[in-house]
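As written, the chain order gives the labels A, B, C, D, E and F, with residue 1 at the start of each chain.
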Amino acid sequence: MKVCRRSTFNAAHRLYRPDWSDEKNTEVFGKCSNPNFHGHNYVLETWVEGDVDPETGYVIDLKILKDLVKVHVSDKFDHANLNLDCKEFEGIIPTAENILMVIYNLLRENLDKRFQLKVKLWETENNVFEYEG
Amino acid sequence: MKVCRRSTFNAAHRLYRPDWSDEKNTEVFGKCSNPNFHGHNYVLETWVEGDVDPETGYVIDLKILKDLVKVHVSDKFDHANLNLDCKEFEGIIPTAENILMVIYNLLRENLDKRFQLKVKLWETENNVFEYEG
Amino acid sequence: MKVCRRSTFNAAHRLYRPDWSDEKNTEVFGKCSNPNFHGHNYVLETWVEGDVDPETGYVIDLKILKDLVKVHVSDKFDHANLNLDCKEFEGIIPTAENILMVIYNLLRENLDKRFQLKVKLWETENNVFEYEG
Amino acid sequence: MKVCRRSTFNAAHRLYRPDWSDEKNTEVFGKCSNPNFHGHNYVLETWVEGDVDPETGYVIDLKILKDLVKVHVSDKFDHANLNLDCKEFEGIIPTAENILMVIYNLLRENLDKRFQLKVKLWETENNVFEYEG
Amino acid sequence: MKVCRRSTFNAAHRLYRPDWSDEKNTEVFGKCSNPNFHGHNYVLETWVEGDVDPETGYVIDLKILKDLVKVHVSDKFDHANLNLDCKEFEGIIPTAENILMVIYNLLRENLDKRFQLKVKLWETENNVFEYEG
Amino acid sequence: MKVCRRSTFNAAHRLYRPDWSDEKNTEVFGKCSNPNFHGHNYVLETWVEGDVDPETGYVIDLKILKDLVKVHVSDKFDHANLNLDCKEFEGIIPTAENILMVIYNLLRENLDKRFQLKVKLWETENNVFEYEG
């Protein structure tokens, strides 16, 4: 049985490699490389797979999962600049793929080993990403 | 090839174990344990996997799948109180996980063995569940 | 300028007049009259119209509007049985129309007179209601 | 890591086998067999699975994926009659299943072998299809 | 109080004036003029404004409104070719604007005079139309 | 008859008055005042009201409206930092209300006088704004 909690966070970011020239950054990342940043309403689905507890009928209490995502993801990234404010992205280009791997690792460390984890991220309504480790 | 029919049903329920005290029920299930019930617009996706029939270009006629879900799920649970009205939940706490397993079993019994079945349930726009037996 | 805060609450209800026979209730309200209740995920949009404050660029701080809706609507009706738990519906059939008028009045009393108010309610994805006093 | 580009195309179609009588076509395909066609807003999700390039943080630049879908799918099928205008459906009944297999093959031929491909199609908001070869 | 019933119908159409040359039709209507038609999943919202009946708590029983839309709109236009199958569009180019005026008139004739009527139509997720006579 | 074109743009912004202390900015604007910015996927609906041209069946060709919004709104604000990159917001705090007034004025200047204009903006899925001059 898989259970999912949907959440959101709004952040600014910029795609940019400091070891590349501005020209190279613009060539590869286009307008996503704007030095003054742009931003998104990120939508995150956190999927946890495990057995249904016969006593409670829950895989995991979704209030616990909601709080886990809040503490380890939303509180860190909501209304933040991923490049400048978040140590989790030091040395990491905050593409959606990298954001999702960072989120996966933050949640994986804090989720009981008996659960499998999958995360899904909408950067825009047309660009979606999925990762399960 | 996987094909899916989306459907909805609106129901009341309460999370509650009669072998627990009211205090224990409230501690575990919170406001979901309200003795007077609360309710949801449940959204169900029924996914059937199988080969495409070369003659019709269908895995299964979706009108047949629609009727199957109507007869075995919606007609039973729509505008019902899952705890009080539905024999399928006798002795079962109607958490979304348990609701989904009940639905899976009802559909599995009535779907040709050559098809694989997966069901997905939204209890709210933020809480989602998936089960494939 | 109109500004809106979207929110949700999940509740059980039953359409029923005690001064009518069960037959009459069923004839008029159909399965919505089920004695054991059913329920919905209600989605509410609260629209406030007013001038943009030149100092803040806000009509009203949406955090204030969010809290207003939480205190006067969601905290009262979420995970409740509208017929049994809510004194606001004593003597009132909780049709979506009546729910929306009750919500309008609760918010209108607590919103500054300089603002106009409009509320919109989804009872299901296909049934929507709008009221502005 | 899986990445997805969502796109749409609007097309007319008819479900019909020329080797069947009109009666048989109507019996099997119902109103979908209307000789004068009907149509849909198709929504397509194109999912590509691969490794994240450590240099760019991308699995594949989504602008490239967007263009791939535009050239090989949308430009061919948008505002078209799938039965009459599209050689891809010669001898093929344009059921959603067959449309999705045609789309899969068009994209598979034009996508680097190192990527896995999955496509998902909404024919209506209630009928969805998924295929991965 | 305004109440709304949402519904859908899937149809083929073509924008074309027989008194114009093909060149003129293509110049004005672009790919919407494809002689072989294309199609859409139309989404219709039917809004009825009136007083809340103090006895039932309804403006109008939404089951009645649902049936009204089914009989006068969906049954006529669903899975149809608006240009070829529907006498309502004889001599009328089925632009979304004209479709909406036709729908408005069909519903207006069959709705009690004490109600005001407004209709809203999505031709695609990005193109929307609203009409109230 | 009202017609609408839906569009999106992704931008960074910060709510901040330079004539206020950092403390005052934080007190009033909270985390929206983050000096390093945050961002949103803005969704814009542009509604134009006018008569239906009896010759074309259009109020306005939606391709024209689409281009108008692209040139005067999306091309300016998409992937931009509203505070730093956009001269339209010099001296203006980019609250959603102010963004919407700026957009209204940009479109109003470039839209034929015979049309009425209304704009609607989603900053998040829960915060919505509407303005008609």
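The criterion applied here is as follows: a residue touches a chain if its C-beta (ideal position, glycine included) is under 8 Å from a C-beta of that chain, and two chains touch if they have at least 3 such contacts.
Worth saying up front: this structure is predicted, and the values here are computed from it rather than measured.
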{"item": "Touching both subunit B and subunit E (chains)", "value": "C, D"}
{"item": "Least step count from subunit D to subunit F, where 1 means the two chains touch", "value": "2"}
{"item": "Angle of the C-alpha superposing rotation, subunit C to subunit E, to the nearest 5 degrees", "value": "120"}
{"item": "Between subunit F and subunit E, distance of the C-alpha-averaged centres to the nearest whole Å", "value": "29"}
{"item": "Whole-Å gap separating subunit A and subunit C, where each centre is the average of the chain's CA atoms", "value": "34"}
{"item": "For subunit E, residues contacting two or more additional chains", "value": "125"}
{"item": "Touch relationships between chains, expressed as pairs", "value": "A-B, A-D, A-F, B-C, B-D, C-E, C-F, D-E, E-F"}
{"item": "Touch list for subunit B against partner subunit C, complex", "value": "8, 10-13, 31-32, 34, 36-41, 78-81, 84-85, 124-125"}
{"item": "Subunit B contact footprint on subunit D (complex, rising order)", "value": "15, 17, 28-30, 92-98, 100-101, 125-131"}
{"item": "Parts of subunit C lying in touch with subunit F, wherever the complex brings them together", "value": "1-7, 45, 47, 52, 55-59, 61-63, 66"}
